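Two complexes are shown next, each including chain A; its partner changes from chain B in the first to chain C in the second.
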Partner chain A sequence: MTTEQDRIKENIRPDAATDRTIACGPILSVRELNVEYRGEKVTKAVQNVSFELYKGEILGIAGESGCGKSTLAYAITNMLKPPAYIKSGKAVYSQEDGSPIDILELNEKQLRQFRWTEVSMVFQSAMNALNPVTNLKKQFADIFLAHKPDMSKNEQTEKTLRLLEMVGLDKSTINRFPHELSGGMRQRVIIAMSLCHMPNVVIMDEPTTALDVVIQREILDEIINLQKELNFSVIFITHDISLLMEISDRLLVMYAGQIVEQAPTDEIINQALHPYTNGIMASIPDLYGERKELHGIPGTPPDLSLDIPGCPFEPRCPDAFGACRDIPLQKIFLADGSDHFVKCHKYDQRV
Partner chain B sequence: MRYFARKIGFYAVAAWAAITINFFLPRLIPGNPVEILMSRISQSGSPPPGEAKTLALLLGLSHGNIFSQYWHYLVQLAHFNFGISITDFPTPVSQIIASTLPWTIILVGTCTVISFMIGIVLGTIAGFKGGRWAEALIPSTTFLTSLPYFFLALLLLYFLSYEFHVFPLNGGYSDSVTIGFTWAFISSAVYHAILPSLTIILASIGGWLLGMRNMTLTTLSEDYVTAAEARGLPRRKIMINYAARNAVIPSITGFAISLGFVVSGSIAMEYVFSYPGIGYELLQAISNDDYALTQAIFLIITLSVLGANLIIDLLYGFIDPRTRQSR
Partner chain C sequence: MHTTEAQNSEIPLMEVKDLTVEFKQRHGRNLRAVNKASFGLYAGKTLALVGESGSGKSTIVKTLGKLIKIDGGSVALAGKPVKNYRHTFEYRQQVQLVFQDPFASLNPVHTVFHHLARPLLLHGKADKKNVRDKVEELLEKVKLTPAAELANKYPHELSGGQRQRVAIARAIAPNPKVLLADEPVSMLDVSIRLEILNLLDELRQKENLAILYVTHDLTTARHFSSSIIVMHKGDIVESGDTDAIVLAPGHPYTQLLLNSSPKKNLTKEELGKERSERLAGKVSAAMKQSLYTNKGCNFIDRCPYAKEVCTAAPGYFTVGSDNTHKAKCWLYEPNSRQ
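Presenting the complex of A and B:
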């Protein structure tokens, strides 16, 4: 693991924003969020999730599929549709003037105004996130007019062209229809759309997952460059933790609807604590180092409609011991005042 | 442009095939129009000698073999000469069609368009908003659609015309007015058209509504609708430009088909209401073995189906840009 970790460390952006940004206070603060899906049995998809997003940082959220990452993203923007619902919690956003608003308390009209001007989203399925029957010019215009009804036609076109250029697309793309674009081009369009109103926060839900690795790299570079240039905050959701180790400032690892470990990215690379985090890191192939056997984590995530008194990872955990089965987990901070915490009995002195 | 030429070429070939089949098909039916006419004339007195031959000449049945008849038929068609009707002997078929076709096209055409539009609008709203009224609307319109059409028509006719005299019993206009571009005629025609229209719309709206509502529901779960919501677009815009715009595409195809059947689709309505349209005329033509008239009406039905399809085919490129490329 060391060679891989060293290599990744070298690749970390030199201006990793951790220390610089925390001083400014969080732009988005999620407090004790619980999301459930109604059904025969209630599925607790997101459980007691709290985290902060600071201005200008890239916050990575990693985890296997089915561990609540996307549900969390939809919940933060108040986009959940039945049978999903927010059981409790807050998502407090600091407005430009510093006054906080709880996104989850906004009414429909306020939400409509809030979306895209403050927080925008890049969706997982670039293939389907564009309306197939209208050209891009019209779809960009829709976004502009939704928030600035008196924007002139020329202004719309001009701004669209500038955005397309920013994401590395040709000007002629403006008159194209979605089906005329490749997957990578569509994802670029989606990214351009997310920046229409220069939001402070962009939530990216697996923005590169559907693309091949070469295009993935290009899109990723594009995102990093844009983020540096425009200094918006990013919540980057992916199952690919290696990608996050490279681009994110801080990392949340989710398992079974909970954050099991949170830390600055370089601390995760050097000193991942949770057995699950170590597990997913061990499943990353090393491009340069010696050939070694990769280890996946045996088993699958638990059924979230069941009550799990102890640690949800216990059945799959190589380090599990007696207490893991039935003693509730708590956040264990690495040190007082540290940003690094883990939810694992291994590090809990009381257990 | 090449696409349009190819489409038009395709439809020209289809039209030719229809015309040709239309020529040969009646000739495969046993019976002979001259004999029918002769027997009808002999009912009112003995026909003069040589009458059969004259009639055969008049009906264009004596021109050599079948191929020269076929050629003659094509030439006559090009001049809109469909021959002479036996039902209304000796009125030219083209004249009968000219006097009956507009009734059908205006009434049934208007109803088809109205029914389609109401169905699409209600279907979109039912799919988008849902709720209690939509749950009541869909089964009730589906029930009306599933009733046999003539039964629905007779029911309305019995109550609204026979019992309560709200609407006239039959016909396309009142006997007291003459056909012309006058207020008296037009108001009378509209008055006579209300009940037939009502039955057509009631009977067909359910299909449009159900189809559109289901497609809207399907479209609503598409990512581009979710994305539009996340972008803060107004609900109206999402409903019309994102959901309905995509959901309506399959219905447009159905609409093309039903436009093609405007001419032939309402024979039952015209029969029940004794409406002076082409469906009623077709029924009479068939029961009178009126080859020329039957043939001409069939031809018009075929051509109108082809014509409606051609128009929709050409329009499709505008409705769905994805179909434009693959040509």
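Presenting the complex of A and C:
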């Protein structure tokens, strides 16, 4: 227990709230990742994805269903099951002592050690992620024992209570069964579980999607508070870019298995470049703004089992021109050394 | 487009008065899912029903769709009272539903054609000879083109948005007067939501439909409805013109809903400030406990303004100068207003 507490203290920097930035180098670095699904035709669900996650930041990944965002999350934690497989790429995690390890190369035993303690995951459907036949005390104990077999009963209970309190749940919750809890409470339990071993990275895949606005807001506030307090890094995956505009530090926009735009969140809000990003930003109505005709993005995403030589967004794009159909896309950086890139021929002077 | 003038003088197409629905529980009293709800649906208008999960929104929809029986109060359609278990077929020709989950509401072993031909034939809107043309006509109405090709597809071949369009086409097949849409876009991607809502809005104008749009999202309610009712724990806590509710919310629960909605165009500092205000506004658990009696206002345990008077059930009081804007909250009791 003491080691955990020391680690929490170490991680709390006085400037954590204002300076959740890039100072410490990436904690997780994904390089040229390709994931495919076997089938009659191979589906290229994730194509050449590279990004960095820095210590203490909230990285948002936005995209509509079928764009490969969940596949990406499963891939970087090496949790994919057949028919999905990783074709190529790396997910390099920097350990506490600074030495890098490739998550995708770990074997089963190493992975078991690695999960929960270094990287943990919060899944979308909290109803299915909890075991319906045992109470929460037992489920928390399972997680503790998996990594610390000699932890005493008292210690387990004490830690569980502290975690429950941290996510805003009552102490009596510990003896409850999942069916006695509401959706929001279950999601809080899952978040508490993901923090059991104080991981450095928490991946959240649509953590608030099944919840209504009030509960969603409470959970988001909770995540931000915990993140500030414990300074872990978060990858927050959602289809609702309006949430990311509020909570993330940097933002990746995925479309058809690729990252089509990456930028600090403020830059996306002020100056989104990719027509798809602009499209989804325009699809979010403004609560207080003037009432006017609003439009989404017409059409549907492409079939990823087909070869697309040019831009996958071309058929739906309002700004498409001749080159978009068949010239391969490249990352265009807004400026030298900038963190903001876009994959769109509109900004490519060579095309 | 969104004016509500003359609404008061008009007669509602569907009038709901003191609607009460209860569910039996194994222990103790019945659970009152809807408590004396009254509202009206008008031809060519959209009414948004807003509330969190468990507030009774879907129960109202199911009751009006005659899937659950009424336990108290009355529902009238075009002036005629609606009874449990009677004239259901005729009723459903007038009142149709669109459900939340387009993945579950279509039969996976039948084609789109089958889904649309059935209501057309059942309600005598087509015969065996012209049914294919009528189905294609319907598909074009909901902008599923090429219609001939789509009619032969199975649900699994369609995207979520397309499936929801099929569900809408099926609902409008018998030429209904009232459409009850229960969270029609909450399962869809953000980029597709607006297209579906625009479609519903267009149908409302073209077919002069009365739409009940059930949602937990005040933002889309703002843009696609002319008036809003807000539900909390089975009670209608506030009702009024859309702009009045969103821009000048009366009930503390409506204020909470509005505060929780994602906002556009706010800076990080403004968001942080809002967040700390929200945390400061939370009422202490001890105070909730001491006031909570089961008899008074249902919102008392979450309300930042809770006081002694709230232990008695409030009535509906007018908010502001507009007498169509009402809230079920003691804050607006004329005598207590300073």
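Keep in mind that, in the parts below, the second predicted complex is superposed on the first by the 331 of 351 C-alpha atoms of A that agree within 3 Å, B and C clash if a C-alpha of one lies under 4 Å from a C-alpha of the other, contacts with A are read in each partner's own complex, and residues count from 1 in each chain.
Following the convention adopted for this analysis, contacts are C-beta pairs under 8 Å (C-beta built on N, C-alpha and C of every residue); 3 or more make two chains touch, one makes a residue touch a chain.
Here the structure is a predicted model, which is why all the values come from computation and not from measurement.
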Checklist entry - chain A superposed: clash or fit between chain B and chain C? => result fit
Item to check | Which of chain B and chain C A:128 touches, first, second, both or neither | outcome: first
Checklist entry - Which holds for A:79: it touches chain B only (first), chain C only (second), both, or neither? => result first
Next on the checklist: In the overlaid three-chain picture, which partner chain does A:269 touch, first (chain B) or second (chain C), both, or neither?
Outcome noted: second
Checklist entry - Where does A:213 make contact in the superposed view: on chain B (first), on chain C (second), on both, or on neither? => result second
Checklist entry - After superposition on the shared chain, which partner residues are touched by A:57: those of chain B (first), chain C (second), both, or neither? => result neither
Item to check | Which partner, chain B or chain C, touches more chain A residues | outcome: C
Checklist entry - Which partner does A:291 contact after superposing on A: first (chain B), second (chain C), both, neither? => result second
Checklist entry - What is the contact status of A:240 with respect to chain B (first) and chain C (second): first, second, both, or neither? => result second
Checklist entry - Is A:222 touching the first partner chain B, the second partner chain C, both, or neither of them? => result neither
Checklist entry - Which holds for A:113: it touches chain B only (first), chain C only (second), both, or neither? => result first
Checklist outcome for this item: When the two complexes are superposed, chain B comes to within a least CA distance of chain C, in Å, of 6
Checklist entry - In the superposed view, which residues of chain A touch chain B and also chain C? => result none
Next on the checklist: Under the stated contact criterion, what part of chain B meets chain A in this complex?
Outcome noted: 222-224, 226-234, 237, 241-242, 245-246, 249, 319-322, 325
Checklist entry - What residues of chain A sit close enough to touch chain B in their complex? => result 77, 79, 111-117, 120-121, 123, 125, 128-135, 142-143, 146-147, 177, 179-180, 193, 196
Item to check | Touch list for chain A against partner chain C, complex | outcome: 64-65, 182-183, 211-217, 221, 224, 239-243, 245-246, 266, 269, 279-280, 283-289, 291, 293-298, 300
Item to check | Touching residues (chain side chain C, partner chain A) in the complex | outcome: 2, 52-54, 159-162, 189-195, 198, 216-220, 222-223, 246-247, 256-268, 271, 275, 278-279
